[in-house]
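One structure is given here, and the rest of the page talks about it.
Letters are used for the chains, namely A, B, C and D, taken in the order the chains are written, and counting of residues starts over at 1 for each.
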Amino acid sequence: MTEAILQVEGLRKTFGESVAVADVSFSLRPGGALAVVGESGSGKTTVARMIVGLERPTSGRITACGHDRSELPRSARERRRRGGEVQIVFQDPYSSLDPRQSPAAAIDEVLRLHTPLDQAKRRRRVAELAELVGLDERQLAALPARLSGGQRQRVAIARALAAEPRILILDESVAPLDVSIQAQVLNVLADVRERTGIAYLFISHDLAVVRQVADDVVVMRHGSIVERGPAAQVLDEPRHPYTRLLRASVPGPGWRPARRTISKETR
Amino acid sequence: MTTTLATYRTPRLGPLGTAAATVIVAAVVLAAIGPALTSADPNASDFAHAYGAPEPGHALGYDGQGRDLLARLLTGARTSLLGPLWVVALSMAVGTVVAIAAAWLGGWLDSVVSAVLEVMFAFPGVLLAMLVAAVFGPGLTSAVLALAVAYVPYIARLVRSAALAERRKPYVQALEVQGAGAVAICVRHLVPNLMPLITAQATLFFGYAMVDLAIVSFFGLGVQPPDADWGVMVASGQSGVLQGYPAESLLAGGSIVLLVVAFNVLGERLSDGRRAPRPGWFPRRGGVS
Amino acid sequence: MTGVLDLNGLTVRLPGPDRPVLDDVSLSIAEGEALGLVGESGSGKSMTVRAIVRLLPAGAQVEGVVRVGGVEVGSLRGAALRELRAVVPVVFQDPRAHINPVRTIGDFLTEGLRTHRRLSRRSAEDRAVRLLDEVGVADGQRRLRQYPHELSGGLLQRVMIAAALLAEPRLLLADEPTTALDVTTQAEVMAAVDELRRERGLAMLFITHDLELAAAVCDRTAVMYAGRVMEVRASASLHEHPLHPYTAALAAARPSLERRADRLATIPGRPLSAFEAPDGCAFADRCAHIRERCREERPALRPLGDGQVACVRAEGLQVVFRD
Amino acid sequence: MAAYLARRAIMLAATLVVSSFVVFAGLSVAPGNPLATLAGGRSLPPDSVRVLVERYHLDEPFLVQYAMWLGNAVRGDLGVSIVLRQDVSDLIASRAGTTIALVLYAALIVLVAGVAFGLLAALRPGIVDSLVVISTAVVVAIPPFVAAIVLIGVFAVGLRWLPALGNGSGLWDGIRHLTLPAFALAASATASVARVTRTSVREQLDREHVQTAISRGIPYAAVVRRHALRNSAVPISTLAGMTVASMIALAAVVERAFGLNGLGAYLVSAVLSKDFAVVQGISLVLVASFVLVNTLVDVGAAALDPRIKLGRRS
């Protein structure tokens, strides 16, 4: 077994009375792809936000690339170092980019922050990254308002990759895209992983997409992990009743979902 | 490589907005070069001409003390425009900085700022100006400072909530995850994206400040006679109105109304629907929820 | 033969762009039948629903014929139009936005009954409680007193469905009713809809972007692209053996739950809206099977096999897609 | 709702205490010593000085002075006017009636005319709407003192329908004397309420839930009444209530212009004559009423909007 590149142990997050994440542990190997599957309220996004330092864990440990990141960073230097380890691509392509900044400028800003490259070299690097995610010259120079959702998500991926992270978190990043665009972005993600050896933490509610992307899966419900294992095993032979319910809820021909009456739920 | 600013949402003023901008520019130009347009001394009174009708060299006639109305209107334009400019500049600067700091840093600073703003809402600008005039004596400076203070909570609350919303947007969070510094994010991304909002509010508030300062001067607590100011002129022209000579009050009042309409129209054109409530009118809440 | 719903050459133009947003759409739904209408953003699927109940934006121009239960909708005015709307309910995608937030669930459920049937509050509420129970919401009496913000999205969508069924319709229009819901909630809500629909012999036009979901709950599926209907067939055969290159590409682009593809088959470019579509076939620019004539003439929707397809090469491609 | 009311009550009390402190603190931040400020630069006989020192506890520490002053104020003792040598409370009481009547009169105009014009514009797109929009855009920019001058010029001096100055005596004469001032005070606020009513109703009419109601075949009049109007009632009544609150301070302007014997006009003359006790007293009363009315309006809005009761407030 190789050393895990991302390790999460006993992670917990509470907001006042409510427990968003309760005792979550998992690890991601270098170059691997781990999916965190769950529905709204499962705590999967909170886990992602704690790993990148946008939320502070109530308790538990997060280690990435051998460095502890359970606490919020103290110095600018540490913030930058963490930025070079883990990056994230968010769900909403429409607010993921500064509306006043072209993709080229956005990627360049990250390069200036994380690399000592001069302007000419940065320009070359921007072109490389654009090529990697499939953006052309014209799109690189356009303002976000002129780009489609899929193009914006490619920009967000390229911008994240500019910091040369070892881990990329994808938080429902393909969920809002049209099917034909979603397939393009999923292929881009496969290419990127193959060419850079980056590891993915893939947050999603969509089992079919998870199957396409992930090697391993953890299933979350109400803040806890209910099942984990290799993707094929968890999806083909789910053991936990909740995973089975999720699996059975995916529509297809001949699908007959089960009925349930809501009585106690108040919200 | 620089960010492309030129093509980003250039505000489309439309014919009304353009007309409003033209009125404002014309008023500024007249205020700047005004005194050169007439040879009359705005403070020289000649009681023989009291309420005198227009005549060559005195295009708008005379006021109750026989002073040239055109000269007074043009001189008055200066204080009537400079006063609001100071009020807006001060309240915008303080309100924006405080709001962004509170929104970004959060925690106790945000709580303290919110509590202080809540109390500041209790003082309508005009009332605060009267209180300040009682304590420090009347004058334009007191009035400007009092109104600037009274406007701060309105600006700060709007900018704070806008900054909070902006801060929660993924593009700002992506920069945080990248490890960019807070100041860099604020200066290069947050503030530029809030600028359209701030500009629109500044424009609207210029109109409000103009009215409120004129009210204070109308009370005799702002610009002190014999200096010309539109608010002072409306007040001093009141006796003329009762005697059937409304020219002074109407010219000064009309100038105020014209410019306030222009600032309102322009401000509405520039704003995207979000606007701070009129200070002294609607504390805590915006007009439309 | 007259169906519950007949669209014939429905074309809608919005003020602004010269090209229509709906272009010559012809569809029909038989008594008790569920038709799925599948498409990506900009395909015009929601606009179709709006055109049926005449909820189009101001200034929209409509050509073609819409018949509901044999009655032409286009000519209805005033009370007659309201009567039609009362019996052709729409279930919208976002129940939180589509239910008045300052009125109670009870007000929302009974408003139609009290307006059109002139029922008393009491008897309208009794019916509402019974229907809430049928769509899987117990404790209806308490729900009637609650406000929308006190209910979850899934519950609220059940309320919306109950409200629709209270009108005792023969045709239900559902515009992505489960898109905003979690998968398990979607399954429950769809199960309720499916069961109630079958019990009542209710016809349904079901709008979705999810080909699989349409295949699961609809008898027939129509695929739309850029404001035009590309293919209409029995759901199972459309899903298994698509005839139109767009349908085939759409099905292939979606990852499978059963196995991991080495690489997903993608469609180049992005989905077009009707007003951006080229002359000839709207899908021509993105199609892998394009021929010269695809750009020149616009393929008509024509009968083929067990349905209709709008592709000049459909017969030839049938074999290709089977592999 | 109880928790919400409690929270609002605490906020109200805190705001009142702090604002009273601000009003009082003016005395000590003013240039020169507090005694001179209270005397307004007049030279006073030793007797009067002793009375002032005693009354304001000027020989005590600052916070004690404040506590004593606030304690007295709560009991209705606001000090003595240095100019009129009378209790400030009595002076305020004798003038409050005019201001209250003026504000209520103007509030009536604002509510009736503002909401009516706003609804008219919202529900009658086209020429009616344009007329209302254009005229309110101009009227909203007319400050009360300009409105006062114009009304005096036209209705008092020109047409001689109504008196220009003074309070009048008796009910009917009093109303006649308050009419022009009330319209001058209400003009801009009416236009403002009309504009907000219009946008608010229009906005509601564009909402999805109104689309739902239309799609269910509900008659348009009922859709407007039950959904658009009901839902805009919260913002409209909030705005209208706060407009009324704003007139508490703005009443000074028209009182001054029409020579009415109200609180605001008295405050202005007290400032001009450096009668500090009166300035403090009236400021305190005006700020307290302003804050109180606003709180009532907020609570009223909460009662109208079921979503606020659960404590969700920005």
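In this section, a contact is a pair of C-beta atoms (placed from the backbone, for glycine too) under 8 Å apart; a residue touches a chain by one contact, two chains touch by 3 or more.
Model, not experiment: these values are computed from the prediction.
Common partners of chain A and chain B, by the touch rule above, are absent.
Between chain B and chain C, the least number of touch steps comes to 2. In terms of Cα centroid distance from the overall Cα mean, chain B ranks first.
When the interfaces C-D and B-D are ranked by C-beta pairs in contact, the top one is B-D. The chain with its CA mean position farthest from that of chain A is D.
Distance between chain C and chain D, defined via averaged C-alpha coordinates, is recorded as 54 Å. For the pair chain B and chain D, the distance between C-alpha centroids works out to 21 Å.
Chain A and chain C have centres, each the mean of its CA atoms, that are 32 Å apart. Shown here, the protein chains touch around one cycle, each chain meeting exactly two partners. Pairs of chains that satisfy the touch definition comprise A-B, A-C, B-D, C-D. Remark: chain D residues 207-209, 211-219, 222, 226-227, 230-231, 234, 304-307, 310 touch chain C in the complex. Partner chain A is touched in their complex by these residues of chain B: 1-5, 7-9, 169-171, 173-174, 176-181, 188-189, 192-193.
Note for the complex: chain C touches chain D at residues 53, 55, 81-87, 89-90, 92, 94, 97-103, 111-112, 115-116, 147, 149, 163, 167.
Within the complex formed with chain D, the chain B residues making contact are 118-119, 121-124, 126-127, 130-131, 133-136, 138, 161, 207, 211, 214-215, 218-221, 231, 234-235, 237-238, 241-242, 244, 246, 249-250, 253-254, 256-257, 260-261, 264-265, 277-278, 280-285, 287-289. The touching residues of chain A, counted against chain B in their complex, run 52-54, 73, 76, 79-84, 86-88, 90-92, 95-102, 104-105, 108-110, 113-114, 119, 122-123, 126, 141, 143, 145, 156, 159-160, 163.
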